[in-house]
Each structure stands twice: as structure tokens, then as C-alpha cells.
Amino acid sequence: MSFDILFNQFMSGIARASLLFLVASGLSLTFGVLRVLNFAHGSLYMLGAFVTYSIWKGLLIPVVGFYIATFLAALVMGGIGIIIEFFLLRRLYARGWPEQLLVTYALVLIITDLVKLGWGGEFLSIPRPVPFKGAVSLFGFPFPSYNFFVILLGLALVIFLWWLVYRTRIGDIIRAAAHDREMVAALGIPIPWLFTWIFVLGAMIAGLSGGVAGPYGAIALGMDIEIIVECFAVVVIGGMGSLPGTLLGSFIVGQVYAFGIMFKPELALAFIFMVMAAVLIIRPWGIFGRPER
Amino acid sequence: MAQAKPTPAKEPAKAPAQAKPVAKPAAPKEPIKLGAIYCFAGPCYMYSESAINGIRIAADEINAKGGIMGRKLDVIVRDTEMKVDVGAREVKDLILREKVNFLEGPCSSGVGLAMQVVHSEYKVIRVTTMANTEGQVVDKFTPYIVQIVPNTYMEAKAATRYLHKKVPTAKKFATINPDYEFGRREFAAFKEEITKLVPDAEILYEAWPKPGEKDFTAFITAIMAKKPDAVHSSLFGGDLVAFTKQAAPYEFFKTPFIALYDLPVLLALGPDAPEGTFGFGRGCFFMDPNPKMLEFVDKYKKVRGAYPDSWAVQAYDGVYLLKAAVEKAKTSETEAVIKAMEGISIDSLRGRFTIRPLDHMGSVPCYQGTIAKDPAYPFKIWKDISRVPGDQVWRSEESVREVWKKTGVVR
Amino acid sequence: MILEVKEIHTYYGTSHILFGISLEVNDGEVVCLLGRNGAGKTTTLRSIIGLTPPRSGSIKFKGQEIIGKPPYRIAPLGIGFVPDDRRIFPDLTVRQNILVARREKLGAIWDLNRVYSLFPKLKELDSHMGNQLSGGEQQMLTIARTLMTNPQLLLLDEPGEGLAPLVIRAMEHQLGEIKKLGTTMLICEHNVGLATALSDRAYLMDKGTIRYQGTIEELRKNEEVKKKYLMV
Amino acid sequence: MFLQTQGITKEFGKLRAVNQVSLDIRKGDIHAIIGPNGAGKSTYFNLITGYHQATSGKVLFKGEEITHLPAYRRCKHGITRSFQITSIFPKFTVYESVLMGLLSHRGVTLSFFSASKKFFKEEVYRILEDVGLADQADTLGDSISHGDKKRLELGITLGTEPELLLLDEPTCGMSPEETESTMIFIRKLVEEKGLTILFTEHDMSVVFGIAKRISVLHQGTLIADGKPDEVRANDEVQKIYLGGTA
Amino acid sequence: MVIQKMEQNESMVKRGWWLILLLAGAIIAPHVISDFYLVILIEALIMSLFALSFNLLFGYMGQLSFGQAAFYGLGGYTVAMLITKVNFNFWLSLLAGVGVAGFVGLIVGFFCVRLRGIYFAVLTLAFGQLLFVIIYKWHDFTGGDDGIQGVFPPGILKIPIVYYYFVLLVFIASAFILWRIVNSPFGHTLKAMRENPERTEFLGIHIARYQLITFVIAAAFAGLAGALWVPFYRSVAPFYLMWIKSGEPVMAAILGGASTFFGPVLGMFIMTFIHAYILGFTHFWPIIMGTIILIIIFALPGGILEFAKVKLKERQERMKSAKGSP
């Protein structure tokens, strides 16, 4: 097998990894701080895609319409994030994580039906925006330039989140609160708002990635469940709540899938779970995760 | 009539006591109940909505004209959530609680197979208009099933012929099929047919994305790396939309390609639909613009404000098939209707078709075409349309019997 | 008077813990709460900072009613709380643990250097993670962290717990320094030496009520109190 | 020899928390380990009880090497510990908590079909009387006070009927009165039940009140070991730890 | 002490009445309800058994398994394959279903029990999905996504009402066994591990071994539930192993009250019946279910039974204090 073919497969794995990272990073962030494994993250992603579509359709602005729509959709999802955090999650932090999990699961159910009611379950699609319509040539093989856009966006998000979590005081507070919110509050830091904003940030990332997914593939019912299971695989492999872990997890899942498809297509999916199980057997808390003790 | 044995289990089906025949001969004016059971979840949601629309329009028409033999047609809708256990249970509910006379649906083949055991036990007929696995009529046949959607075997065979006609020189193929019953059967039929048509055909690569996959990049590069002459696919719906958009920048569509480019997909793709690429489908207005169909389109547009897709068309036909059979049998009693159904011919939106007595498969047509712009529509449709009547591509009776021998169906 | 607690009743769920506690702390004073295990000392402190808000009564800080406010509103008014169970943030280094509590304000006396000079051991551990500290090191860190909020009133729950004698001595000295800087303190402490060395006055608690109050001298003179609570 | 550590060492990265400590603990002793904060006392305990694995060196218990045994096996050998930060069962009643230790020690935890209520009632109450929690038998673990929790933990460990009991700051957080009663109780355990006790403590009145032998750790190294008076007289110990307080 | 004992006896009698009443109800139920609700009742019983198996892990051992459906599905598949492929004896097939589920539980559990909390949940989810993918992909052996149809129980068991009594019997026996287990010293150890694994380990308990035993027991009972379900619906499909199915007992346990023995049963009954009822007139079931979950979690913290228990206790206390004061 020649190099250019392998390289191309590698690049398609990278593209997939970027999209996965976009989605999974929000999941990982909310888990890292709020200790809430947000099942509804995929649903926010799906909703973000549908909202982007509607705004894009309504705006009818040629070139930049899609970018504006995605940005606005991210804001809308942030707003929905505020509602969810303020009215639901906030009342549950004192309770066990299983109940939080169940509440976000309830949101999955509710959002699915809301999308059905609002958009009727058609497959929608946004054409790829200028200037990412075509392809560039990599070793004589075309590579869609929109994939580059997704990769760049993923990188930008990595840098932003890394800066936020490890280089700012907010980040210190986030990591402190992840462990002991009562004590952080007793130091005079307004915890509830911190949590709201973190959740909102997570929701906005979900909305943004949903918007980006529009031109990437199709907007359709079921994309929530499809993505969330893979995101779980990503965060579990990388270590839950760890930013570098999420990055590595996305990379691994993307590449395992891409090369699985190339060499043994019918087992590509099984490979992901096998890798996941293997990682967990060797390092039960994921590659960058920390043991509980 | 021979009794179908659902399994090779020792128990003979000695009119099982538990299966209380519920569809009793009714008082003349009692309505006829049709249980419409579809899958309102995920990718099936939209198809199911369409089907229900088609069924409701048909029922309204029939009722406006005085019903079936003077009896009103009641439609009761149920949801399987695309889960086999829910599907099986909802069928029981329709039979036991709602006491339906007939069933129509579902969307998912797996759910259809699970349901079939149940309604066959309770002796209620189901017309399947969407779930099209051959398994229902061939491998796991029971007399309580009637299929009026081209089954996987017919559909893929016809599509393969079209592809071959268009690119007769193609020898090296790649395939990409959703990895479940439907895709697997389509692939098998493609393989069988293409080796018949092109004896030295070679399948270089089989891609098996999971249903619901939205990222095909890796599949696309893997296929292109093999440089096939043509690509066969049974991708459909949102998956096909995603595939098409991701494949286009790779200049994938320079290679001849055929997939289930029906109305909803073309609508969603809009300008992104690849012109010159081949599609196959199950019958909507641009595939079969006969007067009856166009009349239906007008009606549908009035009610729903949109073009009907083939799912609405087939569901609509299903209701009229039942009407014809009941009127022929002059009763809604199951066994009589089955008898009437066998060999019946009706004029449907897709032209005339007949139910083959042996396996209750309708000789419904398969359609293929080439994607093209049409000034009359704001979206792309097909040209070079080919309509293949079902009896040209369906499995021969011997072949059906052969399968039955293996799976233990006695008839 | 900087803190005035009047007739508070506090519950954990359905169990009634504090039965009308009243106490006062004057500006610049160090007051200690003494009492056996389970008397309700911790609960009193938690009531003041708002972690277990009382159901009734009144708590005034600098004349302002603070009952019903959440802890993150109460703390910035100038109250710092040092919990008995330390609660170090495990994922942060010692330095980050300290800095996370920093609150910029005018006339702030505490900064990183100052707390490091108060607890030199912490400076050595500067980049260690919070979960790698020994018990006593954690105790130092939790006090240092709270000092960074520059509180006017410091609530200390057993600050000497788990500390080596020399460190206690040093802390006694440092708390004395803090006191000299004008910081008011309310301390719960079982280490009588530490408690009495610093305090001006004391309250004795028993089963959720105040049993006795007085200056340290009065306490020392009261034979019964001396025997029961001071063990000297 | 009852418990013996031979050159035991524990490294956390670059830090040597415990450095080549060789120590013999005699049966029936009350043996105190003291030292400044961060000296390595808890880590030393952790090495004996199996919470941490030693980097090098050996732990021998009754002549048998237990250096690499998992924690639960050491407990079965008769070594039980308390934790510096009290570790109890929050949603168990005091009674149920103590019962757990007994069930484990008497080896009935694999019986599936008999009611656990029926087991060891008297023994549990005897322990509860001993630690002074009998009147709180039906109170939940997380709703007793800090000091009571310490005693509960002691009660739980006693359920396993250990031969060697390691107590990490047993009276820390106790009021003077309770400290006194705990001291009396510990002494009684040794005298009546023949237990061996190894403990750490920063309260010098406790250490010099009950310990028969004292070892001093400093920066992971053993710097003194002997009778209380000898240790008290040690200049270095005075300098780094006691500072004239005892 | 004596008074306490008497009170205990009294409450035991009370509880006993409860059970006898329920049992009587269960015995006459099929004669008073419609055919359809008999079907639902059978479903609810089987699923309750599934929920109980889950709650042994969740409520008692304190570990949330998100892959319990894998064992449920394996039990079902074993029965289905044995009956349809080799014409195996029905009763032995049931046993085999239990055995296979338990055996796979042993392998999966070996890896899972080393983790706690959400990590455990996600690892079980991963293994569950792996098993799902295997069944789904192994088309030749398992029938792939089609599943297996035509799994008939023998003879009169085909009659729903007979099957109902059979299921009822199995359910009662299983519930009794589980009840004994959670109240045994073994159960006490489980609860201790839930409360504080570290403390328990240092009392001489090999945590992993006890969790593994429990995991296997739970897997076996889940397998039994699956093995009962499949012949009732005559078919099995890979969906039965999927994580969405694993979510059902989780919901049931939290809704009904995971800290009570019968909470998950109550939760499962409510879910099954409401589901069956609501699907009758709308396909917007998810939004309704979602809302119900939210309402129960916010209005009845701890789940229905737990909430009722707390309220009852509060009332008793109030009455006691009212009586106490002259």
C-alpha cells in the first residue's frame, strides 16, 4: 500500500478526530467541573445543527451566512444551557450523580421530541460554505478543504480550553470546584454562577459543533445518540474530564476507525470498543485519567 | 390451504389455543380497523410520518365514498420506537385491545420480522409497505404477510441492471452498504446479479458503515484508493446526504455510482445533488408521472403542503390493496381475505401489480434514473427513467421454494 | 461589635442541633468556643458562614443581617472559615491552592509571600499537589488559604488539630501576630494551651447550648469549669 | 519478633517519605511514632498495612514476610488500622458499622442466606460499651460528631479482633475529657486483651501518658527510638519536634 | 430493647400483610384484567426481575452498571439459539441462559470491578456495547440485526395466562433469593463496600472478589429475565443488549427508589404500564417519559418508595411527639 493512500486515510482519520474532539471537549469540560456526565450533550449538538440550519435558511446571507448562523446557534444553545443549568442541574448538585445522569437522559428524550415537533424529522443539509467548498491536493490526492476548517477549529478550541483551564485563575477555581464546591463557596467564590457558565460553555461548544456538522454531513434525527456513544468512547479512552485525554482519545478513535475501515471494514466499529476495553483493562481510568485513590 | 410452520420447532401449529382469533366476522356496519404501526424514531421518523399521511389520505377517500362494503375504515396509529420488543408488544396491543382487522407497517426490517411471529400467531394480516427485507416473504414466510414494496432482492437486481446498462464496460466494483439486514441483502443481490451480467466482475472493496453513520470520509478515501470502475450502494436518507456531501470534494462522483437517491434525499441535497449519478427508488411522482399519481400529488400537496415521497405512495397503495381484497372476499375475515389476496391485481399509483400467490410478494415496480436538473422543480430529479416491473426481477418460485426448504417453511 | 449571634436554631435535616445559641465577638477580640465532642461548635461556625444556615434567629456581621445568604455572599463581607476537615483541593498545587482564594481589595495584608513566611514549610512544598501533603501540612495550607481572603473575622475550627507541638507553638505565635494586625477570631479548639493562650474570652458549649461564658481569667478561677473543660 | 520492618523505604517520585526505617515492635507494647508534620509517620503506617507498596525493604509480621500482601490479607493476619482522617460508613448505623468488622473477622461474609441481624449481637454491644457509643447504636454514622466518629472507627477496628492495632492520631480532635477516656481505654485494651498498639499522635500528654516506647521519625528517617524518658532527653528530638513542650 | 423488638415484630406483621395482599392480587389479576394488560403484566414482572438484578449492583453494591442489558440479551440469545437451532429442551435452555449470562458476567466483571463510580458505569457501558456489536456483527451465528424469530415455549406455556403464572413463580422465587442475599452477611458486606470501600478493604475484605461475585449473581438474574422474555415474545434481537436497554433498569431503580428493595419493581411497573398506555395515543412518548422522570426526581427525591418511607417516618415522629407531649 503506497504512502499517499495511507496518508490520505490518516488525514480522514484526523478530520473525524477533529469533529469528535469538538463535541467531546464540551462533554469532558462539564464532566470535569460539574461532575455531571451530560447525556444530553449529543442532543444539544443535534439541536445546534437544526438551529444553525434554520438561522442559515432564514438569514439568506450568501458567503458568511453559515458562519453567522453557527455563531448565533452557539449562542442559542448557550441560552438553553442557562435554562437547563438554572432550572434543573443546579437543584441536583447535592444529590448523587446517578440522578444527574438520569436528568440529562430525560433531556435526551425531551429534546428528541422537540426536534421532531419543530423540524419534523426531515434530513436537512447545509452546503459547504465559501471558501471551503472544494478540495486541496495532498500528495496528489484531493482533500476536502472543509475538513481543514474542522481541523483548525478543533485546534483553536484545544488551545482556548487549555489556556482557560490551566493558565487562568478561573481554571484553578474550576479544578478546585470540581472537587469541593462547598469549600470554594466558603472562600467567597460564587459557585452557582461559575457552574452555570461552565455548563453554558459546554452547551455552546455543543451548539458550535452541531453547526459545523451541518455542512460536514447531514442534519437528521438520531445524530444525537450516534455521536454521544462515540464521545463516551473518546473520553473514556483519554481519561474522563482530562483535556489532553480528550484530544488523544479523539485521535485514537478517529484513526482506529479510519484504518479499521481500510483493512477490515465490517469490524471497524467493533475495533473502537475493543480498543476502549483494552485501554481500560490496562489503565482503568483512561490514558490521562487519574485513579480515584 | 397449507399451514405455514413458523419454525422447525416440534410443535405443530395445531390451532394454538392462545391465539384467539380476534378478527371475527363482524356486524355489517362495524368499522374495519387498520393498525398502522410504524417507527417514529431516528431516521425512520420521517418515512413513518409520510406513510401515515398516505394511509390517512387513502382512508379519507375511501370513507368519503362510503367505506369498504359500507363499512368505515378506521386507522389506528402505533409507534414501535424502532425497538423490536416495543414493536412486538404494540402489535399485541393492536390485536388484543384495539381488535384491528389488518396491519400495515413497519419501517424497520428487524422490527418487521419480530412482529411477524406475533401477528401470525394471532392470525392477523400485515401489509408491509416499507420494511422490505426479503426475509419476511422468503426466509420466514407466513401466510399473514403481504409485501408491496420491492424487496431487497428485486430492488438491487433492477438497480444492478441499470448500472450495467449505463456502464457496460465496468468490471471492477466497490460497494458501500449500511451494515444491517437491508444493506446486507441488497449487497448479496447485487453480487449475484453482477456476476451474472459481467462474468469476470470483481468486487474490490466492500464498505459497511453502520446505519446512522454521518462521517464517511474514511470510507470514501478507502474506496477511492481501490480505483473501482463503478460503485454500488444502498445508502439512503440522511446517511446518503452526508455521504454525498463528503464524497463530492474528493471528486468521487466521477466514478459511476448508484444509490437510493429518492425524493427526500434530493430535496435535502438541493444544489449538492451530483448530476449524472444514478439513483434507484420505489416510486414517486417524478419516477412514474402517471395521471393517478399526479392526482395523488395534488391531493397530498393540498393536505401536507409538500411533495409526497415513495413512502406515502406505497402506504397509500397498501390501503387500496386491502380494500380490493376485502371486497373480493366480501368479508374482512382473515382466511378469506388471504385467499382473495392471492393472485389479486390492483391499479395502484405505481401502475398495475399482482400479488403472487406463492409468497404474497407484489409485482411492484422498481425505478432507476439519472440525477438531472429540471426547470419545473426547485430541486434535482431524474432523467432516463427505467421502470422495471416486479415480475421481471423477483425471485423465481423454485428459488423461493429452495429457500423455504432450508428455513423450514412448509406450504 | 463585629459579630452578633442571637438565638439561632440549626438543624441537620430533621435533627435539631443548636438550641438558641447567642454569642458576641467584639472587634479585634479573640473568642474561643470550648466543649466536648458533639457539643455543636462546628455547627455554630458552619451556621455563621452559611454552610448550614440556621432555621431561626439572627446573625449580624458588622451590623448587617447575614442569615439566609449563601456562603459565597457571606465570605466576601470579610469572614474567613477554616474547616476542621481541611478540604484541600487535590488537583491544585500548594501555590494554586493558596492563590485560588486570593481576593484583591484595598488594604489587603495577606499575600503569597506573607503566608509563606508564616508557614515556611508550605514554601518548600510550593509545587506539590494538594493530595500529596501530610495531614499537618494540609492543616497549614487550609489556614494559609483562608488568610488569603483577607478576612476581618476568622472562624477557625480546630486549627491545631494534627499539628506537631513546635508547629502549634509557631502558629500560636502567628495567630497572635494576626490578632495584632486587628483580625478578629472565633476559635474552636480542644488544645487548651493554644486556646487559652490566644483568647480573651470563652464560651462553653454543651449539647447545642451555651453553658458558660467569661474571660479566660474567670474561666481559670471557676473550679468546676476548669476540671471539666480544661483538664488542668 | 512480633512486627519488624527492615530498611523499609517509600519514594513518591523524588521524595523519600520513608527512608530505610528498621524497627521492631514488641508484642504487648504501646508504641508511639512521633515526628514533625510530613515526617512520614502515616506513610510508614501505610506501608505496614498495605495501603502503599514499599519501594524497598521488608515488613515481617510474626516472622512471616508480608511486604507485598494486599491490604485485606494483612487484616486477616491480624493487623488493623484506623485512618488519620476518620473513615467510617456514613449511612450505616453505629451498630451496623461495628458489626461489619466482626462479620469479616469471623469469616461469615460469604454466607448468603442467613440474616445478618442474627450475628454477634452481644459482641457488637460489648464493643459499643467499650468505646462508649452504646447509647448511639442506632444513629447513622455521618450524624455523630467528629470525636464520636473517631471512637466509632476505633470500635469498627476492634470488631476485627486484631493482634496489632495501628492508630493514626487516635485522639486528634477529641476534647480533653474524651482524650483522657480514650487513653484509659487503649491502656485497658493492651492490658486485658493483650493487643499490641502502634500509634502516632501530636498530643504529647497522650504520647508520654501511655506509650511504653517511642520512635521518632524526621524526614523519613528514624532518629531516635527508646523509652519515653530517653526520647525526651534526646536533644535532637527536642530541637526538631518537642521544642521544650514535653 | 424489648419495646424495640415488639415494634419490630409489629412492623414485620404489617409488612407481611402487604406482601400477602400483593400476592393475592397477583394471583387473581389475570382473571380481572384484559388480555392486553395481562401481556403488560408479564412484561412488567420480567422487567422487574431485570431491575432487581440491576439494583443488586446499584442499590446494594453502590455501582451503577450501564451494561446490564448485555446479560439480559445474552440470556435471551442463549435460549433462542438453543431452542431454534438445536431444538433444545426449554427448561434446560433457561438454565443455560442463566449460565451463559453468569459466565460472561464473570469475564466482564473481572475487569469492571476494579473501577468505581462513573468509571465503572462507563466501562460496563463499553463492554455492553462490545457484546452488542459482536452479536450484531456475527450475522451467521446470531442472525445479526434480524435477531432470531420463532422461539416458542413448549405446550401450554404458549398460553399467556399460563406463562404469567410461570413468570410469577420465577419472579417470587428470585426476589426471595435476592432478598435473602441482601440481608445476609454477604449483603451487609456489599453495603459496606458501597459506603466506604477503603474502610471495608482494611477490615479484611477483598473488595474485587466480593464485587465480582455480586456482578456474576446480577448477570445471572439479568440473564434469567432475558431468558424468560424471549420465549414470551418469540423473538430476540441485538437491540436487547444495547445501552438504551441498559438504561431502563437504571430509570426504574431511581424512579422507584434504589435504596429500597422493591423500589425498582415499583419503578418498572410504573414505567411499563405508563409506556404501554401512552403509546396507545401518541408517538411522542419520549417527551412524556422525560417529563415524568423530571417530575419524579424533583418532586420525590430518592424515588417513590424512599420518599414515601421518609414521609411515613416523619409522620410517625410527629405523632409520637404529639403523643409524648401532654
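By letter and in written order, the chains are A, B, C, D and E; residue numbering begins at 1 in each of them.
Keep in mind that, in the parts below, contacts are C-beta pairs under 8 Å (C-beta built on N, C-alpha and C of every residue); 3 or more make two chains touch, one makes a residue touch a chain.
This one's a predicted model, so the numbers in the text were calculated from it and none came from an experiment.
*Asks:* Which chains sit in contact with both members of the pair chain C and chain D?
*Replies:* none
*Asks:* Enter the minimum step count from chain B to chain D; a value of 1 means the two chains touch.
*Replies:* 2
*Asks:* Among the remaining chains, which ones contact both chain A and chain E?
*Replies:* Chains in contact with chain A as well as chain E: B.
*Asks:* So which chain is farthest from chain C, going by the mean of the CA atoms in each chain?
*Replies:* B
*Asks:* Max contacts between which two chains?
*Replies:* Answer by contact count: the chains A-B.
*Asks:* Any idea how many Å lie between the Cα centroids of chain C and chain E?
*Replies:* Those two chain centres are 49 Å apart.
*Asks:* Report, in whole Å, the distance between the mean C-alpha point of chain B and the mean C-alpha point of chain C.
*Replies:* 75
*Asks:* Suppose each chain is reduced to the average of its Cα coordinates; what separation in Å results between chain D and chain E?
*Replies:* 41
*Asks:* Give me the residues of chain A that touch two or more other chains.
*Replies:* Each of 112, 116, 225, 266, 269 in chain A touches at least two other chains.
*Asks:* What parts of chain C, by residue number, touch at least two of the other chains?
*Replies:* Residues of chain C never touch two or more of the other chains.
*Asks:* Any chance you could list the residues of chain B touching two or more other chains?
*Replies:* 40, 179
*Asks:* Kindly provide every pair of chains that touch.
*Replies:* Here the touching pairs of chains are A-B, A-C, A-E, B-E, C-D, D-E.
*Asks:* Please name which positions on chain E make contact with chain B in the complex.
*Replies:* Contact set of chain E toward chain B: 34-36, 39-40, 43, 83-84, 87, 137, 139, 144-147, 149-152, 154-156, 158-160, 229, 233-235, 237, 239-240, 244, 276, 279-280, 282-283, 285.
*Asks:* Please output the residues of chain E touching chain A within their complex, sorted ascending.
*Replies:* So the residues of chain E touching chain A come out as 58, 64, 111, 114-119, 121-123, 125-127, 129-130, 133-134, 137, 198, 243-244, 247, 250-251, 254, 258, 284, 286-287, 289-291, 293-294, 297-298, 301.
*Asks:* Which chain A residues qualify as touching chain E in the complex?
*Replies:* Within the complex, chain A touches chain E at residues 31, 35, 37, 88, 91-92, 95, 97-99, 101-103, 105-110, 112-114, 116-117, 225, 229, 232-233, 235-236, 240, 266-267, 269-270, 273-274, 276-277, 280-281, 284-285, 289, 292-293.
*Asks:* Which bits of chain C are touching chain A when the two form their complex?
*Replies:* 49, 51, 70-76, 80-81, 83, 87, 89-92, 96-97, 99-103, 145-146, 149
*Asks:* Given the complex with chain D, which residues does chain E contribute to the contact?
*Replies:* Touch list, chain E to chain D: 177, 180-181, 183-189, 191-192, 195-196, 198-207, 210.
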